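The two complexes that follow have subunit A in common; it is paired with subunit B in the first and with subunit C in the second.
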Partner chain A sequence: MTSNTAGETMDFESLMHNMLRDRRRWNRVLSSPLTYITFGGLIRLTRGNWPLDAMYRMGLFAFNEIGRAFTGKAPVVWSSAFFPVELAWSLDLCPFSPEVAAAYIAGLGFGEETLTMGEQAGYSRDICSFHRCIAGAAAAGNLPRPAALLASTLLCDGAPLLFQGMAALYDAPLLVLDVPYDSGPDAEHYVAGQLEQVWLNLAELTGRRPDRARLAETVQHSEEFRVQMQRVSDLRCRVPAPVSGNDLLGFIYLFFVGQGSREAAAISTSLAKEIERRVAGLGKRGQPGRRPEKFRLLWMHLKPYYSEELMKFVDQEGAVLAMEEFNHIYWPPLDPQQPFLSLARKTLSHFAFKPVTERIRVMEDLARRYQVDGIVHFSHQGCRQSCGGALMIKEALQEKGWPVLILEGDCVDGRNEACAGMLTRMQAFLEILQDRKRMEAAG
Partner chain B sequence: MITAGIDVGSLSTDAVLMRDKEVLAYCIINTGAAARAAAERAFEQVLSAAGLQASDVDAVIATGYGRMSVSFADSQVTEISCHGRGAAWLSPAVRTVIDIGGQDSKAIRVDGQGNVVDFLMNDKCAAGTGRFLEVMALRLEVALEDMGREDQQAARAAQISSMCTVFAESEVVSLIAQGVPRPEIVRGLHRSIAERTGGLAGRLGLAPEVMMTGGVAKNQGVVRALSEKLGVKITLPPEPQIVGALGAAIIAQHKHARLSV
Partner chain C sequence: MLGWVCSYTPEEIFMAMGIRSCRLYGGDHQATAMQNLLPVNLCPLVRACLCEGLEGAGTGASLSGVVSTTSCHALVHLANAFQHARGGSGRFFVYLLDLPRTLDRENEAACLAFAASLRDMAGRLSEFYEVAWDDNALRTAIAIQQQVRLLLQEIYRMRQERPEQFRAAGLLELVRHAGCTPKEELAALLRSLVASLRDQPLEAIPQVVYNRGFNASQPGSRGVVATQAPTGAPPEAGERMRSSGVNRRTGQDDEHVPSTYLERLRRQGPPRGPRLLITGSPLPPAYLDLIEELGGNVAGDDLCQGYRYCLHSVDAGLDGDGGDLFLGLARSYLQRPPCPRMLAGQTRFAYLQALIRECRAQGVVYHALKFCDASLYDYTLLRSRCVEAGIPLLFLETEYRDAGLEQARTRIQAFLELLPENLSSGVHLDADLPASTSR
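Then we have the complex of A and B:
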């Protein structure tokens, strides 16, 4: 936290918004490396104000990497969500997730104009807002120029198609990882073979030397990340929750961009240690200074990034995100000696890329393990793969005894949302949970 | 124990004053442009009708979209919980509540105690809400409160295929131009609302007894169309518009009783 000239204390978010308040210049500001150097400086200034020190470290890492992407010192590789980004780190490239960038753009308050630009560029409003925002930011020249684009067909069908358009726009090669719906040894070898080919092609395209020792080292970092995030997940079983799941939803950057980097391994280790210390110091009533934990929620999919109103409301009502679908570590240990096969297994093991019964099974396990009172499926409008199964998930989990709320909304586009309606749904759901607790207490 | 429920809706603000299990007074006024002032006015009206002072009231709960603006309320509860509780109080056998208000519609499932078990809410567009009927009534030059009667005169229903209020209005304009009798257009509009709301209720899973609440429940044409669509008898409360405020007053009793223990 720091002070402005009026002597008021300001957090990082306020400082950042102040800096970007001249909206006429946002176009130049977002594509300048200086912006990210300044953001890094602001993050340092506000270190004590972050809910978790690991969030501070992740913020520094993210802005440093985004800034590096704009300097052009290392070839930039765009990577879609769920693509094994370890391949890019192993070649010392600069991976860049446009989906995460879209979330940042929305969070910085530039979603509306960026989405409009995406729509003007020909992307329909029915398309996922992450993708429309990427198209708009690209049209505005706000994204770093890619040397190559890496897209995976895992879960998100829209990304490979969007990346095809972006590849044409930037005249850059697109490498697509085709992930089959079936798992098993044949599928593993099919994906592993593609990964090796992508790795070799990427090295050639970017003028890097493919070094298998360096690849093994990268996979080792990724494995450390997995182990530490699993440790975090284990620690979070504690009631009351030692950490806010809303804060951990901000670690999406590490999941989509960081895996395989030395920094992500270090940040996840520091996060686990931080939570471990919290757990050791936690009383039965929870963290001092925090609201008492009234409800424990399992949160499916992501959250609105354009506004914090919903998540602040959840917090104010004493509801804690005990666990989130996105923070669940679902993949098996990685073997650095078998990098491609390991990454293939990781890719193929995603529980949501299977019949919906598998996603239901995993959510049921998480609901039990984290002793949740209710489950919220945030239905991001553009995410057909997630929303398509929502009703089946709701019915199945309700049958097991958990109230489930399908909360329809959007992660990036706030123009089609009446926030009051979303808060009413959320409040009504918490009232259901409250009534259940009252009845249980009454026997 | 005396409690009050204030339901600040988009079109009307309703207040109910209760002493234990007896409704002392209720009122329905227009919300207008100032939700807070409407809530105060409604509260004053029910107090005056019952010959009471604000200080005589043990607890006030505000509900409805403007619930947060009611500064004199002890707490705020969503209209979803309030409609559920109010409907179950009026008829304990109620398991499904369909509330069509001015700007949204809801299907609510309740248990035997009036606790909400599940709900679905449509507030994304005006289709299937009171606002939809208002727009159409204006276009057809018929008073909103006469639409039910108009429907009864229809030999058949005109086909209205569009769910969107704006597109449906265009269809109505075309039907008028074709000389389709007004009652048939009105019935077509009621069927359109029933189609939309029936889908919402169907998704939730319909359990009898079904009660309809909210201002639109006063329109017999909509009730009949919805009953036909769902294939169930629909129970109507004596004054459907105050069920949210009634539920708020009942919840206020429970909350106050718990706090007093």
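Then we have the complex of A and C:
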């Protein structure tokens, strides 16, 4: 996730990989404050090498938070993807996203052995590799011990079930946010009530004082993040693309962990400014279109984190990720004075947790807005939510005139058979786009 | 005919509105032409149900709508696929019932939310089928359904006492049949069946030899069977299985033949063997026949198409909810023993522990459908508890068809062979499962 567009691996990643090569040293290395001092310094030294300064800032933020989690500076709460993590920030806890950790583990090259450990712990190869990886790392005792676990049922069947198992493993309480499919006023009331209860329970469990003013402040930070990321999305409508979508798919830490923190608000502001400068041609990388932009793609779901090979290939072929489903800001403004209701509305407004026609509608809007040539649905093998609708989405979007590729693969597990033919399929798809362009040009 | 899939779907509402309903089981439908709607890495049961609903010559063809639930994303996409394929006409009813995942008895909010969903579903059904809503009709429906469930529980109780006499697949088929049959008719049949089972040991019933294939075991696909006298006389091939109610293939009423039910319930194969509990995902009945053929005694199950379908107590809830029938119904469904999908923590395992003890199970067979997340995660939890408690556990994964029967045969055989050794080494099978701290 810290690779630049050309796919050059950051030195610090190699160093980290070497440090952690011997798994028996993991706990010693990860729980030592010296690790974070040393590597924090190294990250600072590499600032100029990051494709976006905001990525550098996010890397540092994530690294510091991981340090806080592993060195026990604050109670750690595990939060599943899409859980409103603002609740944890408002109590000055240390939120930890095991799903993001799995992506990092894969990125550092430890995916295979960690997945194997997850499978040995009883987790089938048919379930999501993010979760298998977490289970493996947890079984090996390589993850920070949670004071509590926060799981949302939004979009993911597996995460709450995995967290249930992890709660048993760590003998820690599990707090569940049950998200209904319906999004009317009753549903908002139902979710808001649960959020308040979770917040109060979490405060009690971690010995924190529930401070509503602090919660409002957190929701305000989250709103700033939303506004700035919306600004980023607006700027990305430009042709050629002012920023690499592949780089922005590395921002999962901010989306899954950062929202509600002061840092995420600041980083998103800096990202928006940086892209603005690029668009204006003022920044050091302010020359848009460094490489001729042959194809503009809309990218659905995530990407492989265990290897940059696919994304490098896409880049080399002159295709840009003009927009990603993941980076689409879909939720309405948050009102700090109504924190629970606002967060409930945010939770319930996810377009993919509605009839598949809504996801199709949103993708169609994005495809138009970002003037894409084609759409890629990266079908992460274990994701029933995303893959389950892929064929219907493909059919509907193709009828609207966009070529769609369902690219079967895996975000974390490079051993997956589906990964083998990814480059070939992507190449064939880009050739189709090329032919279409030729035909259009020929009238 | 309205199709439904998940056991959290309250049939009582359909009954109250006079809408004929039928649970979809997928039958022998394997995803073929419908592969362009749902991907291969999705629950095979759901994919088969889609095929049954869209391609089926019997029930499928006569469906006027489908109710799915938000139990898992496979079922969510089942509703999407039906809507995609049939919904456009406006003449096909598709409803996705919102089902909470938390079921803590203290969680009143979840009960209220589910009650609101049920009320909404009733309203939509009323509008689509142009049927006026009647609270009294719901009261009657609840009472009849309760009778059906109590009668099925009684049969389960008898099976628990003498599993060596019962054919587990026959009982599973009976419960499956219950999901497709008008309940007044079914209640009468079950009453006579219970009386017969009380009066007459199953050994006295002529033995039925079934085709081993899944087709023969499906309630909707009446396979060719042969009856065999207890003396071991050769089977009389070609006699077609009949049952009461509507044949899901032909839509025609079958003759009411309670003795046939008794025949189907009668166990064949070795009479003695280790007592087993079957849990996990819905299991094709052919696998139960296989377990028995190999010497296992299925003493109980925890399947949503089996025992869990029968476990409700609605009346108490209705009295306590100020006459709010939907709330009473919601409470009863949410508070019954949880399925693997529910985030029930210790509740599910306490229930399984009690069931293991009640059934005096000497081993547990965990069946997971391929790509069924709920079961695959549930299994890991159960596995660690069983290991700690010394309860032998077999993991069996299928694609909801009998193609893997021979592969399963070896695994089941090996498992059954190991059981006596475990027992003789002093394993306490009624040991408490370790407690979970999940909330």
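In this text, the second predicted complex is superposed on the first by the 393 of 443 C-alpha atoms of A that agree within 3 Å, B and C clash if a C-alpha of one lies under 4 Å from a C-alpha of the other, contacts with A are read in each partner's own complex, and residues count from 1 in each chain.
Assume a residue touches a chain if its C-beta (ideal position, glycine included) is under 8 Å from a C-beta of that chain, and two chains touch if they have at least 3 such contacts.
Please read all numbers here as calculations on a predicted model, not as lab measurements.
When the two structures are aligned on the shared chain, A:A428 is found in touch with subunit B, with no touch to subunit C. Of the two partner chains placed around the shared chain by superposition, subunit B is the only one that A:P403 touches, whereas subunit C remains out of contact. By the touch criterion stated above, A:A420 is placed in contact with subunit B alone, subunit C being left untouched.
Contact with subunit B, but none with subunit C, is seen for A:M439 once the two complexes are overlaid on the shared chain. By the document's definition of touching, neither partner reaches A:L200: not subunit B, not subunit C. When subunit A is checked against subunit B and against subunit C, the one touching more of its residues turns out to be C.
By the touch criterion defined above, A:L34 lies against neither subunit B nor subunit C after alignment on the C-alpha atoms of chain A. According to the touch criterion, the shared surface of subunit A, contacted by subunit B in one complex and subunit C in the other, consists of residues 391.
On the subunit C side of its complex with subunit A, the touching residues are 35-39, 41-43, 70, 72-74, 76-77, 79-81, 83-84, 96, 98, 100-102, 109-110, 112-113, 116-117, 120, 340-341, 343, 345, 368, 370-371, 373-374, 376-381, 383-384, 397, 436-439. Subunit A makes touch with subunit B in their complex at residues 391, 398, 403, 408, 416, 418, 420-421, 424-425, 427-428, 431-432, 435-436, 439. Across the complex, subunit C is touched by residues 121-124, 126-128, 135, 151, 153, 157-158, 160-162, 164-165, 167-168, 171-176, 178, 180-182, 186-187, 190, 193-194, 355-357, 379, 381-382, 384-385, 387-392, 395 of subunit A. By the touch criterion stated above, subunit B contacts subunit A in their complex at residues 65, 77-81, 104, 113, 115-119, 121, 123-124, 203.
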